[in-house]
Structures are given as C-alpha cells and as structure tokens.
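Paired with chain B in one complex and with chain C in the other, chain A is shared by the two complexes that follow.
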Partner chain A sequence: MEEELDQNASPDSISFGDFMPSASLVGLIFSVVTFAISLAMGYYQISSEPSGSLLSPAILSGTVVCLISILAGVLAVWHFTKEVNPYIKLGQGAALGFLTGAVMVVFTAVFGEFWNFIDPEYTEKLVEATIANVEAMDLPDAQKQPMIDSMADSVRQQETFLSQVLWGIPVTGVLNLLTGMIGVKIFAKKDRQETF
Partner chain B sequence: MNRISHPFLYFFVLAGTLFILVSSAGSMLWGNAAPGQLHWTEQLFYGVCHRLPDRTYQIGGAFMAVNTRCFGIFAGLFAGWLFMPVYGRYTAGRRWPLLFLLTAAVFQIVDYVGNLLEIWQNTLHSRALLGALFGFALPVAIADLFINQKQMNKT
Partner chain C sequence: MNNSEISSQWAERLNTPWVERKGFSHWGMALLWLVVVFVTSQVVVALVAIGVLFVTGDVTNAEELLTALETRLDVLFIGNSFGQIFILGLASFIVAGLHVGQETRAQFLRFRWTQETPFYIIAGAILMLVIQPMVMFLGYLNSLVPAPEMLEEMHRSQYQMFEDFLTSDGVFLIGIFHIALVPAFAEELLFRGYIMRAFEKSGGIIVALILSSLIFSLFHLQLTNVLPLATLGLVMGLLTWLSGSIWPAAVAHFVNNGSAVVMATTMPDRAFADITPELLPPLWMLIGSAVLTTILVKVLYDKSNYKLPA
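After this line comes the complex of A and B, so read on.
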C-alpha cells in the first residue's frame, strides 16, 4: 500500500484539498484532547476549595494545552506523509501546519459554544472560582485587584465564537506552521532526482 | 539573500515571528486598554499563555501580554529565524540541531516540573532564558531546509 503511494506520489501533484483530511483529522483530535483537559481542570477548580496557589488547575491546564497544541503541525505532516503523499515540500508542510492550527481553533470554539448549551453557568462558575482563588492568595490588596480584573475580563471577553476564532488563529496558526516544517524535516521523503 | 532557498517562506515567517514578538510586549509597548476592556494583545495570546501577573515582566504597572517564558520563546524564535542565514551552513546534514531542540525541550519540562514540585524555584529571568533557548532551537532544527547548499559551496 505504502509502496503504491510512493510510486504515484509527487510533491507537484499536491493540491490544497489534499491537506484537508490530515488538517481536519489531526485538528479535530487535538481540539477534543485540549478541550477535554481544559474542561476537566476547569471543573476541578470549580469543585475545589480555593487554595491560594498561583498555579491553579485552570492555569496548569493552560500550560499543558499550549504545549500539546503546538505539536499538531508535526502530527498533521506525519499523517499526510503516511496517507496522502510522502514527498511533501517545505512550504506545503508549513501551509498544512497553519491550516491544522486554524482547524483546531475553530473546533475548540465550536466545542465551547456547544458546552455553553450543556452548562450555561460554566464560565461564570469558573470566573468565581478563579476570583476566590486569587482572594485566598497571600498578596497585598493592591496586587490582587488587577489580577482579579484581568482574569475575569480574560474569561468573559473570550466568550463569543467569532472573537475566539479571529484572535486564536494567528498565533496558533504560526506556531503550528513552524512545527509543520519540523514535521517535513522528520517525516518527508526527499524529492526523487531524475537520473539518466 | 541567495543563501536562502525559500525566500518567500523565510520572510513570511520572519514577519510572523516579528509580529508575535512585538505584540507580546502588550501594554508595555502598545498602551493600556480602555477600562473594563481586554487589551488586544491579551486577546491574541489568550489561548496560548496564562499570563500570571507575578510571572510577567512589567514596567511601571504596564504588563507584557505574555509571561516571561513565552516572551523568551518568542524572542528566541525571532532571533533564531533572523540569524538563520548566518549559522545555517553549520546545520546542513548534521544531527545536532534536532538534538539541540530535544535538549531545549527537556530543559523546559524539567524546569517546569522542578518548580511545580518545589524542588527549586525558578525566576522571571531564568524562565525567560530557558524559553529563549527553546525558541532559538526551533529555527536551528530546520535551518538546513532553508539553506541553498550550492550557493554556500561557491562562497
């Protein structure tokens, strides 16, 4: 099967549409995983007593989610080289990485909207738990208030679907574009040279 | 610039990393947001950085849009990309760039976990420096794909 793919493949025959299966599949899987982690950590924070620790579950999940999500570009290129064409070029890998990042942002925003129907109070409960945690911190009041305002604003103002997508795509897209190129370096086969 | 084999992609990514770097300066460079409004740079990095105030550089109460580690990563990324034509020739056909990237990634994880488990306490600057190392390692790992070997051999 792979040999057959190998014989018929050429990087020049790759079109934009060829990227979609890998970008959609890997973007979907990564958005499910990252959304599930965020949600689990969010509910854990809501149900826990405020610890006053700076590294709350929601913050920890943010770090883990960020690290996981930049790997999507590499995985998308790996999937592409296995299933579509092993001779992917550098620019094509970069485009695939960017597209995968964009797909991931869109799916995550869709899941967020979906979860608003299932538990409409989730965002507000998370904001309250976050504020309670900051209030329990051993910090001067002058330092606490800006933290509370900033965290509450961050969560509330990212509620709309469009703002999540428009603000999310540039950075996630560029980071996955870079990892997409790393994917090309690791997984792509070198273009065949004509010999006479 | 004949040294670069994909000039359009090189400059596109250079512009992208520069945009990310200058945006990450947040209200330190771009001024404060209106009261009750989230700064546009904070919206931009909302999904990728927690931006805890005590882990973020600030000048006179004006904070960056990302924490020190993320700022280090973005600064290292831009520097590594900018200087790619200079160091690129030393990466071609070598294995060390990927090992360098892996080592930098492991340093990040070890530093993060060590601090989390309270084995040691990292600082603003140590997080920024380790972040910069990781950011720099990313373009180094793929530099050989951008280097025009024929042109290099001529010079």
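After this line comes the complex of A and C, so read on.
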C-alpha cells in the first residue's frame, strides 16, 4: 500500500480536504486522552485534602495535558504520510498541525459541555477545591485574596465552551502547527523534484 | 534530464518564493509571523526594560524590579521602541524575504520612491488631519458597543499609562520619538509593507486592505477602539496601494500619532477625556470630514495607476 501511495503521490496534489481524516482521527484521540487526564486530576483535587502546594493536581494536569497536546501535530503528520501522501511539504504539515490542534480543542470543549450534564457541580467543586488549596498556602493574607480571585476566574473561564474555543484554538493550534512542521522533517519523504 | 533542463528547473525554483516552495500560503505565513511578532516583541520589551533598570542601578532586587516595571514608564517606552524597531521592523524585513521570488525584498515591501511619492505624502498627511472628526465619531460609536470588563480595564490602564507619561515634564520630543516616529515606520513596515502584501498575494487587494486593517486594529489590543483604528488602517492601506509606496502611509501614521502627542501634551484634559456626545465635533464638521475624506480618496484613486478589479 505504501508503495502504491509512493507512486501516485505528489505534494502538489494535496488539498485541504485530504487533511481531514488525519486531523479528525488524531484530534479526537488526543482530546479523549487529555480530557480524561484533566478530569481525573480535577476529581483527585476535589476529593483530596488541600495541600497548600503550588503544584496542585489541577495545575499539574494543565502542564501534562499541554505537553501531550503538542504531540498531536507530529502524530497527525505521521498518520498522513502513512495513509494519504508521504510527500507532504513543510507548510502543509503546519496547516495539518494547526487543524489537528483546532479539532482537538473543539472536541475537548464538546466533552466539557457533555460532562456538565453528567456532573453539573464539577466546575464549582473544582473552584472550591482550588480556593481551599490557595487558602492552605503559607502566604500573607494580602497576597492570598487576589490569587484566589484570579485562580477561581481562571478555572471558571476554562470550563466555558466559548472561552475554551476562543483561546484554545489559537494557542493549541499554533503549538501543533510547530510540531506539525517537526513531523514533516521526521516522517515526510523528500519531494522527488527536489532531489537533484 | 539534460543540463539545460536542470538549469531551467533551478531558475524556476529560485524565482518561486520560499513559502510557495515549502507549501505555505502567503497569508498563513503572515499570520504565523504575526503570532511570533506578538510574543517576541512582548519578551523584548520586558528584557530591555529589565536590562535598563539593572544596568542603570535603579533596581537591585526582584521586589524593586516589579514595582519599577509598573511605575517606570520611560523604561517601558524604551523597551517598546526596541521591540518595534527590531521585531516589527527589522525582523519583518528579513522574514519578507521568504515571500519574494523574482522581486526584491524592498520591492515586495513597497520601499519605493517615485516622482509621484511627494504628492501622496502631502495628500496622505492632509487626509489624516481631515479624517480626525470622523475617527472621533467612530471612537464614540465603538464605545457604545459593550465590551468585556477585562478588556475595558486593559484599555483604561493603557490610556492611563499614556496620560501619566505624556503629562510629565519635558517629554514632548521623547513622546514624539516613542509614540509617533518609531511606530510610524515599524508598524507600517509590518502591517502595510509585509502583512498587506502577503494577503494581497493570496487573495487580492480588497481582501488585503480589509484584513490588514482589521489585524492592525486588533494588534493594538484595544477592542474598545477597533473601529477608529481599523478605519485609519484602511486609509493607510489605501495610501500604500494607490501610491505603490510605503512612505506616504508612514508619514500619515506619523502625522496621526504625532498630532495625538501634541494634543496630549498641550490639552491633556481634552485628549484623555472619555468620549461623550458633548465632546464630539459638531455635525457640520463630521459631514465636512466625511465629504472631504471621500473627495481626497477619490482624487488619489483617479491619479493612481492601480485600479480595483472590475
């Protein structure tokens, strides 16, 4: 199959629609994984005693989710080179990476909305757990209140569909755009026209 | 493949812009560069400001630094000008090289001076003055659109920073340099030189004019001022396109920002007041501004060699 792809393929024949299978599949898988991680860490924070540590499970999950998310661009390009066209160019990889990031954000936001039906109190419980964690920190009271306000706002905003999509698509999209280009450098075959 | 075929393929490759060879779209690369500019210019502002504060010995520890970064506006303006010159200006000039094939960077960015250029420079400067009542009215209209509290707060703090800086003693020339001269060249190079040209290559001049002016207004992070900024961006885009040169827009930008500095230093109460219906120019002035702006744009369009597609 790979040989068949190799013979018929050319980077110039790639259209935007060709990106959709790889972007959708990889975006969906990554959104399931990252959503599950952040949900698990969120419930862990809700159920555990406030530690007073800056590295709370919710913050830790944000970092882990971010690190995992940026791999989506590389994997989408890998999938594309295996299944669609091995001769993808740098810019096409960038577009595929961005699209994968965008798909991932949209799916994650949809899962978030879905989870609101299952557990409508999740966001508020997470906000309360976050506040309790800040209150347990060894900080002067004057510094605590602004920190509590900003963290509570941040958690509430992260849980709304619109803000997730508005902020998530550019940020996750651009990060995956960069990793999509890395994916091209790793997995794409060099264009035959460029070999001389 | 014989030698002549190989050399003709190489010539074709060299005449094809890097972005096209690598499968990027011109607009996509321009948007990507905007993201890079946005992030790196903020980093440069912070690094330069911190560097200046430590080198001059004005701060010695982190606590003093945090306080100084909120109060030492002169240092922040120095950092901002560094960011504008080196990232918006110089780096964009270099990146423009990725979009050129047969033409040079200077041609791509419309660094061009012809016999007609002085005419467009004068007309552009007059246009900037004539359009001001309309811009004020658009600012008022924009203020009627509800914006998130966070953005309004950001806008207020930006204006407070300008007011604090421009109402201190002996800052007129420094203000002209940081607020008028540097942005006039750096922002024009980025928005009218690079962004508009890249969008023009992808979608034609109308798309380029509209999108580059919108991006110009959004880049200023003043959602409460989008309408006037986008209008000014559109006018400066038109000036650049019709004259085939970036210089008329750069001078017009300087006139616009320079007159704001003059007004802020001479009439701060009026310049920094919230726009209310009472402070708006009278109706005859608004109508006059709209009519004169239209006539001037029509004159420039008729004189230009560039025409809109039929």
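Heads up, the rule we're going with is that the second predicted complex is superposed on the first by the 190 of 196 C-alpha atoms of A that agree within 3 Å, B and C clash if a C-alpha of one lies under 4 Å from a C-alpha of the other, contacts with A are read in each partner's own complex, and residues count from 1 in each chain.
The rule is short, and it goes like this: a contact is a pair of C-beta atoms (placed from the backbone, for glycine too) under 8 Å apart; a residue touches a chain by one contact, two chains touch by 3 or more.
As the structure is a prediction and not an experimental result, all values here were calculated from the model.
In the three-chain model built by superposing on chain A, chain B clashes with chain C. In the superposition on chain A, A:Gln92 contacts chain C only, with no contact to chain B. Shared-chain residue A:Leu175: touches chain B; no touch with chain C. In the superposed pair of complexes, A:Pro11 makes contact with chain C only, with no contact to chain B.
Touched residues of chain A were counted for both chain B and chain C, and B has more of them. Shared-chain residue A:Cys66: touches chain B; no touch with chain C. The clashing stretch of chain C relative to chain B, chosen from 26-34, 134-142, 188-196 or 296-304, is 26-34 in the chain A superposition.
Contacts of chain A with chain B, set against its contacts with chain C after fitting on chain A, overlap at residues 90-91, 94, 170, 174, 177.
Touching chain A in their complex are the following residues of chain B: 6, 8-9, 13, 16-17, 19-20, 36-38, 42-55, 77, 98, 101, 112, 116, 138-139, 141-142, 144-146. In the complex of the two chains, the chain A residues touching chain C come out as 11, 14, 88-95, 170, 174, 177, 193, 196.
Every residue of chain C that touches chain A in the complex is listed here, in rising order: 1, 6, 9, 19, 21-25, 28-29, 32, 35.
If you check the complex, the residues on chain A that touch chain B are 54-55, 59, 62-63, 65-66, 69, 90-91, 94, 105, 108, 143, 146-147, 150, 153-154, 157-158, 163-164, 167-168, 170-172, 174-175, 177-178, 181-182, 184-186.
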